[in-house]
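In the two assemblies presented below, subunit A is common to both, partnered first by subunit B and then by subunit C.
The block that comes next holds the complex of A and B.
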């Protein structure tokens, strides 16, 4: 199994803003006692932002203000996020909130940038989606690592997303990006053959093969069953892949699995396997199918 | 002689679950062979291992509970009512881990196995409880094709005003959790929704065998034996969730239980817990759970909200706030949106669409239960307050928490 991991190239925005971030941190000198008090206050009463426009604007300003300590800005973001759950009360604040989030997607603070992009992407925000796609197509414009961009784009998959994900699977900058590209493609019914080949590739990382198993089980369960049968009989197959296959068949296999005698025999043999997880999975399988 | 014991007044084996609230039961003679008198004295007791659940009995709707009960049962087949309740502090661990026995003299004349099915702290579940829960939840999701999709669709951007930011926040989520729990119970009767006590360390929840461990990208990783590895929502597999705290401790900045219960004895004050700890617990992660529109895509959502509901249940008990007729029990107001006043029915279970309601109502009516009839298929806000049936036995909703006694 391939375990060596390439180090992802640092996103351009990080490089671009590194100096500015250092300067901001230097100016603020990290979390001071006053900052800790502000953080505590913001955490205690998140709904305060819904109570007055002054409080809302103050919190949004803190979020955007690169001269503030990172911890204070992150606390401001969390305060706004927590308040956003109180949807009716928060509704009048939403426009300003989204504008502030968009303003910090290219912030020097990588954590803040990633979280703002995450919130926007989960809300299917077109501005954020475009930024993420641009970064994948042109790494100099990347605001986050490619795997993060793919993960966030999976919140609202479009054809454009599939194309870039396929390109990433073919030529991944790192294994994490490949895994996230496969996750994104799992919504694409035409990707089943790709998942079959990844699943059967013993040189792939386990977690990547696990994603392939999950995707294939959902897209083409009969194909997954066929591969699982072979993998369970393959003595050179990895324990965790066998356990994953058994787990898929146990919980989602259906009637076709119950009637598959060859499969039952293979699993019966595995119920005495030396690997604890294979043994456990095999026993659950046999229990489920009454053998 | 033989008798039949009916738990929750039902011969259905799926009704053999009780909580701390008294369950109505009945006993009748089905075979009077050997009995010559019009009635026969039958003693009802229970048997269980020390680590298993335990129950207590009483003959009427009121009065003290006891470990055994003697009833005069007519041999003509007419039923005699009695009540069974879980013994507080002794919830079951496994399905049917208690045997209720009926004896005439020393002769065993009938028995049933039952379970004290209680919502517990997820951090303290046994391995078997955890695995059953995870298996049922994964099955309900069924890789994105199962009934769970309705629950995901109930809590999306357009429907949030039905459930958030107003008085109905707590009742709506109580009904939502109960609906989901009943669907899980239809798959495995032993399941009770566990809660994530977010003001305490809960390292056992954030493991690969339970709710998973985030990798550096914030995608949750599961063990090869955990069926949640096949979780899928909105067409995409996996779960996006990165804790912003160390999972060996509690998230910082959240009101703890005492502080939450001290928000005041008026519901309008208590419901500000929607911000902190509820909202704060959600945003202690980066991922689906930190956004109201995507939060239920993460199954952890339901454990978080189970704790929110537990806190409400504790508050209700502390201040006797079960009665909708008591103003302090709720926060009705003519300016509230539909769905947030006591007599209102709640979307989506009421099936009402358009106008102030969302354009669709996914999932149909609220799931029924062989254990309890409340809150009914189209619950009103007010039917979610007396969840134990403290004021009216018919209001009992069929769930309880391990640290909230009856009444």
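The block that comes next holds the complex of A and C.
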């Protein structure tokens, strides 16, 4: 049983960047006494924006206004977002809301622009997708980190991110970006061979191999079953990968698995493994297939 | 085309410039319409949002001068089934570039309002991409209402639908009230002031109606796709020729990841309705149905099965959800499918349904705007009734259905009901004469003596006696019997068949010397009555169902509002 494994760890540069961003935000957006009252008011009555066009325009102006405190602007966005859940009441505001979100996607406030891009991306907004793709192709124009851009693009399987995601898998700026690129590619049926190779690569990060396993299960379940079997027979395979394989076969194995004596023998062996996770998965497997 | 291909390979900016160049050159302007084909290479490997931007820019370029009939089909298609705010706004704007406002446009506009009323996003029509942030913005609802105002009294037929949408429950954004009032006022204006047209509000001119559906006279052989291998919803493999040869079929295309509910999801739901209509007519085992995915790599059997089941599709040996596992390219070429891809995923497609004849050849197509289930079933029934040799021919290549025009009318087949009318009327007469011939053919010396006594010795030379005539007449009686049986199967009424069968039995019995001549006469009577009844049954069946083309000119937009 393998005892070592590769685990995703954020690179120092990313950690530094996040720390610096937090510090900047706290400097710029520190809650002042006047702002606190406004934030509270906005949080308490989100649907007020739908009551009158004047109120809506005020909130949208606050959201766009870069001279306002970041916390107030974020509260305005949160208010609009909360109101948007009341679909019918919010419908008249939707057009102006979308326009305001588009206006703040390149705002100096990183959190605000990330949230605006996130809302638009979930709406499959072409404008946001174009900005995200431009940023991936040209890092100087990037509005968010590449892993975030990929994650947001993955909201729409019809977006144009596949070619860039493939390039990211080959040459990732960081492990998170590679993981998100693989997640995006999970919608591309032609990417199954890529997932097979990632899944079988023991040098790859555990988390990334699990993403590959889940993508392969969606795209080519028969291939995933074959790989899962091989990985269960492989005594040098990592515990968590074996646990994942057991789960896959338990849920999607079918009759062929029940007839596979060699596999059953391996799983029998795993039911006494030191890893609690593997042991539990193996027992569930044996329970399902009547051994 | 090579220029277009080059532009297709370039950036969006280059593409936009290329479109502008085409728009400003009257000699090449018509190429813009060709660029709107869903399967145009320009759209390959582009995301859906990019395709939206490209198509929007083309439509805007076309709208700079008068919109042609060929381009109109794409505009109406977008209004009927589009859900992207930008493209719908552009289509509504482009429609105003048509040389004259027609009442037939109104249902499409009202349908589009219903489609996008909750997605009234800001759009900009004066710059590529149309993403509005600044002040110079419009919206799909605004553009649709402006176009309804442009139609004026011509849109009066859709006034009630618009008023329903304008009510608080209708869902139109209250801030669009000024444009709404303007549209309602224009539509309600005095007819004399607004050049109202005589034609119906719901009728597209015949040429346009046929731009969306075609009956194919010269059918292309299905040789190239006979070996295409499909996998069905249960994972069973079957070849095209095994599945589609021998029975007429209704085939629709879809893919499970389509996010436009007015396209694939609705298409497959309507296929379920078609299955019900076929079952109601007792044709479920004679006309089969199939839904074929555009995205065979992703739409695995379990997905096909779940998608069909969730939409009420009956799935069995005659009704399958399919993915092509071998020969998908040939299949696409054969049907000339209007679809483009990014990787293996569809980025743009049109609505398409087909009726295949018993040879697996495309006999009719229904494209772009939403089709009517009755219309498709009626066409399939007509194909079912075709003779085996009907519409023989071999078209040389994939038909270009992408540039619909009124000239397509010329491809329309003669109405089979008219073609066979003469045959059907003659049928009982021939059958009766054959029966009479068999019944009274002189077979023995006594018969000869009887005929001589009746006609007189002088007419002996005139009696048309030929020994080979008897088997020929007997065969005609049997052919008539078979024909009546076939009609009875279609109509589900077997009374006529029983009468003709009894008549034939009586005639043959009398020929064998069983019974008197009076019995033979009753056999002739039974045959005549049965043959006439069979013909009447068929006419009755035709009257009871709507004619295939009676409703074709009615836009689906109107039906669905």
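Rule of thumb we're sticking to: the second predicted complex is superposed on the first by the 260 of 291 C-alpha atoms of A that agree within 3 Å, B and C clash if a C-alpha of one lies under 4 Å from a C-alpha of the other, contacts with A are read in each partner's own complex, and residues count from 1 in each chain.
To be clear about the criterion, a residue touches a chain if its C-beta (ideal position, glycine included) is under 8 Å from a C-beta of that chain, and two chains touch if they have at least 3 such contacts.
Just so it is clear, the model here is predicted, and its values are computed rather than measured.
Colleague: Kindly classify A:126 by the partners it touches after superposition: subunit B alone (first), subunit C alone (second), both, or neither?
Modeller: Second partner only.
Colleague: Figure out whether A:281 sits in contact with subunit B (first) or subunit C (second), or with both, or with neither.
Modeller: After superposition on chain A, A:281 lies in contact with subunit B alone.
Colleague: First (subunit B), second (subunit C), both or neither: which does A:187 touch?
Modeller: both
Colleague: Give one of first, second, both or neither to describe whether A:251 is in contact with subunit B, with subunit C, with both, or with none.
Modeller: A:251 sits against subunit B, while subunit C stays out of touch.
Colleague: Taking the superposition as given, does A:230 touch the first partner, subunit B, the second, subunit C, both, or neither?
Modeller: After superposing on A, A:230 lies clear of both subunit B and subunit C.
Colleague: Who does A:160 touch here: subunit B (first), subunit C (second), both, or neither?
Modeller: A:160 sits against subunit C, while subunit B stays out of touch.
Colleague: Who contacts more of subunit A, subunit B or subunit C?
Modeller: Residues of subunit A touched, subunit B against subunit C: more for B.
Colleague: On the A-aligned overlay, A:81 touches which partner chain: subunit B = first, subunit C = second, or both, or neither?
Modeller: In the superposed model, A:81 contacts subunit B only, not subunit C.
Colleague: Quick check on the superposed pair: does A:268 touch subunit B, subunit C, both, or neither? Answer first, second, both or neither.
Modeller: Neither partner.
Colleague: Overlap of the subunit B and subunit C footprints on subunit A, residue-wise?
Modeller: Looking at subunit A, the two contact sets intersect at 87, 91, 157, 187.
Colleague: Subunit A touches which residues of subunit C in the complex?
Modeller: 45-50, 52-53, 86, 118-122, 129, 131-133, 137, 139, 171, 173-175, 257, 259, 295, 297-298, 300, 342-347
Colleague: Flag every residue of subunit A that touches subunit C in the complex, lowest number first.
Modeller: Against subunit C, the touching part of subunit A is residues 53, 87, 91-92, 94-96, 98-99, 102-103, 124-127, 129-130, 133, 156-163, 187-191, 219, 221.
Colleague: Residues of subunit A touching subunit B in their complex?
Modeller: Listed in rising order, the residues are 39-40, 43-47, 78, 81-91, 114-115, 118-119, 122-123, 145, 147-148, 151, 154-155, 157, 176, 179-180, 183-184, 186-187, 207, 210-211, 214-215, 217-218, 239-241, 243-244, 247-248, 250-252, 277, 280-281, 284.
Colleague: Show me the residue ranges of subunit B that touch subunit A in the complex, using the header's touch definition.
Modeller: Checking each residue of subunit B against subunit A gives 135, 138-139, 142-145, 157, 160-161, 164-166, 215-219, 221, 223-227, 229-230, 232, 234-238, 240, 244, 252-255, 272, 274-276, 278-280, 282-283, 286-288, 290-294, 337.
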